[in-house]
Amino acid sequence: MIGAYEISLLTTIGIAVTFALSLNLVTGFCGQISLGHAAFLGTGAYVAAMSVVAGAPFAVGLIAGGLVAAAVGAVVGLASLRVRHDFLAITTMGVGFLFVGFTRQQDWLGGEMGIAGIPEAPFGKVGLMVVALGVAAATAAFSVYLKRTWMGFAFDAIAADEDTARTVAIDVSRYKLAAFALGTGIAGLAGGLYAFNIRFIAPDSFGFVESVTVLAMVVIGGIGSVLWVTVAAAALAVLPQWFQAVDDYKLLLYGVLLFTVMRLSPGGLAGLVARLVRGVRQ
Amino acid sequence: MAAIDAEPVQGGATQGDRDMRSHALIALAVTAAMAAAGPVTAAEPIRIGFNVPLTGFAAADGASAKNGAELAVEQINAAGGVGGRMLELVSYDDQASPKEVVPIANKLIEQDKVTAAISGSYSAPTRAAASIFQSAKVPYISAYAIHPDITRAGDYVFRTSFMGEVQGRAGAKLVGDILKKKRVVMITLQNDFGKSLADGFKEAAGTFGVEVVAEYEYSIKDRQFGPIVTRVKADAPEVIYASGYFFTAGPLVSQLRAAGIDVPVIGQEGYDSQKFIEIAGAASEGVIITTSLDRDSKDPEARDFIAAFEKKAGYPADMVAASGHTAVKVLAAALGAAGSTDPQAIRDAIAKSHVKASTGTISFNGLGEVEKDVQVQIVRDGRWHHFAVIDDRKLLAAPTN
Amino acid sequence: MFLVELFVQGLIQGSVYALIAVGLTLVYGLLRILHVAHAGLFTLGGYAGVLVTNATGSVAVALVFAALSVGAVGMAVYRFCYEPILRRPPYVALIASIGLFIAMEELFRIVFGPFGLTYDIVPLQGSVVIGGMYLRSAELVTMALAAVLIGGLGLLAGRTRIGLAWRATVSVPEMAESFGIDIVKVRYLNFFIGSALAGVAGVMVSVLNNLVEPTMGSVASYKALAIIVLGGLGNVRGTLVAALTLGVIEAYGTIYLAGFLDRDAIAFAVLIVILMVRPQGLFGRSA
């Protein structure tokens, strides 16, 4: 028997895992660093929220959010064809700031006041939790499947070395765009779920801090590793709740944690576990 | 003196009457609480949930709000609690983030089993939490968040502070009616607080013959206002209406003065902190704001709060602290009046509140929006002082649906 | 006239950006890491400025103290934080740096309180009128410091042996090493100078605002990254131009674009447009 508190935590976890895995597709699989991924969470959240406030069914809102986010993501993906590495990281960071800066000035999007009064999902809080966990599981399964396809192979090759990938006749541009569209589309789904869960959205919820948080989840988990990114996302999502006893120090601990993991295990949790396993075998 | 500091004040009742009634209520409260909660010891405290930003960008306001709320709880408990039961504040850091507040609200309701809750936080988390408290039918009072949609979450949600629009309208009256100035330049903070103030100000400007010459916007992260100051100088207004918090308004006002702009600057409750005066220094002299705490109040409730707060916190009281304090006092009074911990009874008691608190006499309209006077304060000799009171109920009327 | 005043205001903001961003681009040029925690060092400079000025009554002493102490902390950051992970992929240093920055901000809040600190007597408060334009002394000093320090850095790099070793290390580290240049020493020097500049910027911003808050570095943490990318990562001259340009664009944008985009969005819109045209930044060597 779980109560409303556990339900809200599990819903939060489902959304965070979906969001982190969506970035993992772009950054982990295809090697395209993004520091503006929250913009797509926000796009999905706004589209979904506005759809259901206007009376559309929740499923329609959710899917519309994913599709619009994917479309915007594909456009941003075009940037990845022009700039690389750190330049791309900063360009995507810029996209994140443009999203927030634009949204807050648009009255038809609620402007600074955001969108309040998003109706409660007809399937209830438990239903929402089930949907959030289901979407997360589906995203994880899709990620694992993708790794085994030709596309997954192409992503790998691009992540390893773009120029070499090109020489073996991989259409780098096409796959990069595909990675962006997929990753941002799934982020859009997570955004819709976020809007249904929090039932209030405002531009600041999708800013730089959120983008950094999700990138931290991916890197702490171990870039590219579906299992450990899932674990890291789940853990980091509920970390503030665990640390409530030391509320005053929890952000300090979070900062120290990010630093320590990178310092001691640059491969994240996945790298740490791999090393441990190797140690045991020897 | 009755057990509850901020006891309900009924029009026309004498002190004796009220004491009698309070005692009767307390007796009722004890019986009802025992009936409702089964065999409990009288010592079991009444738990009040409190979400407040202690880390992140809003940590300064969070610290003050928490100090204010804690002071109220200490005062009430020192005077014997509510109906013989002590109050206990169960507080969590929400980082002023709607995402963080959702599990917190659920935890307060379900695990901590709070009787009622207070928001010591900003608008976005308060709005997100309001829906959850409403669904669970746990009374929720917003201490100083300004978003108009907060009380629209439902009938269990109240606000003891002014909505942004209401305070903006008061600002227009201050400019046009009290100061008799016409040409105003607006400098608006780009967030929900600044926007709603600006909306209210512009809405009422015409009524008081105030003409908005220009409006400039800045981000909450800005501390340097060179371009805006330059532009305002060229506009040569008679008065400046600038929204902001003490950490933006302090630098803004000192930069306006340094550029030789000496027309009055009108601010709001966001300025209302000694820190504003500390930052702007001599430039803060003569700045006038609309707020809810009167530093020169003759009212013992406010005077007592101002003195006790400085003693507890080690720095002078500010608007946020007074708001946290007021929200707890209003809730405690309602708990006493309801005479039980039944949520419906508490909700009804809050709705009928008529409570003297540090930020004035609090009552609510049908939507749960506060009805109280706007205090106009001015900086003189490095301290906030009384300047005027705006009590025009029609002007200050909050929406009722 | 008004347009000229806006331009000057833009240059003031640009000078602050330049002082912060030059250090950042030096670090990038040498180590290829996006050193977000640089903004934490900037904030540390602000605290040093207020505390030392309040204790000694002299902002000059505070400036020197901030430059030296923040420079030293910068070297320690390199030694204990970055050196062990230099050979890792760049995102490792990025996340470590972000973690470090968050921890620094929180330490400032816990140690000095959330309300921020102010000067007992604010230094450099006079103002001068130049052609009908009011300029605060603090603004003039900020511009002068930026010009002198960054100019001096240019001389150091261009005219001295240390500078030669430094530039060699930045452009071809392997070859520099084979010529007997002590790369580690160059890195320390690099961090010391970059951090000292951020410390000076921190003092000047704390004077300009008469306020130093735990979150003072939050804007610098991302905007400085945009500036060094615009300047062509690792290029000091480009960074200087990018910083001043961005300051000026923001000054005009604040007035003329406010209803459409906020200040940050204006900066990044410019960045994205320029990168789409010149993917290596304004002054970057083309790849």
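Chains here go by letter, A, B and C, matching the order in which they are written, and residues are numbered from 1 within each.
Please note the rule applied: contacts are C-beta pairs under 8 Å (C-beta built on N, C-alpha and C of every residue); 3 or more make two chains touch, one makes a residue touch a chain.
This structure is a prediction, so every number in the text was calculated from the model and none was measured.
Both chain B and chain C are touched by A. Compared with chain C, the chain whose C-alpha mean position is the greatest distance off is B. Ranked by the number of C-beta pairs in contact, the top chain pair here is A-C. A separation of 39 Å divides the Cα centre of chain B from that of chain C. Chain geometry summary: the mean Cα position of chain A and that of chain C are 31 Å apart. One inter-chain figure worth recording: chain A and chain B are separated by 36 Å, centre to centre, where each centre is the mean of the chain's CA atoms.
In chain C, the residues that touch at least two other chains are 106, 259, 262, 264.
Residue positions of chain A touching 2 or more other chains, listed in rising order: 104, 248, 251.
For chain B, the set of residues touching two or more other chains reads 55, 190. Remark: chain A residues 3-5, 7-9, 12, 104, 111-114, 116-117, 120, 194, 197-202, 204-205, 238, 240-241, 244, 247-248, 250-251 touch chain B in the complex.
For chain C in complex with chain A, the residues that touch the partner chain are 28, 32, 34, 81, 84-85, 88-96, 98-107, 110, 222, 225-226, 229, 233, 259-262, 264-269, 271-272, 275-276, 279-281, 287.
Listing the residues of chain A that touch chain C in their complex gives 27, 33, 79, 82-87, 89-91, 93-95, 97-98, 100-102, 104-105, 208, 212, 215-216, 219-220, 223, 248-249, 251-252, 254-260, 262-263, 266. Those residues of chain B that touch chain C in the complex are listed here as 55, 57, 59-60, 62-63, 190, 216-219, 221-224, 226-231, 233-234, 247, 250-251, 254-255, 258-260, 275, 278-281, 315. Here chain C touches chain B in the complex through residues 2, 5-6, 9-10, 12-13, 16, 106, 109, 113-116, 118, 122, 125, 127, 134, 136, 139, 205, 208-211, 213-215, 218-219, 250-252, 254-255, 258-259, 262-264, going by the rule given at the top.
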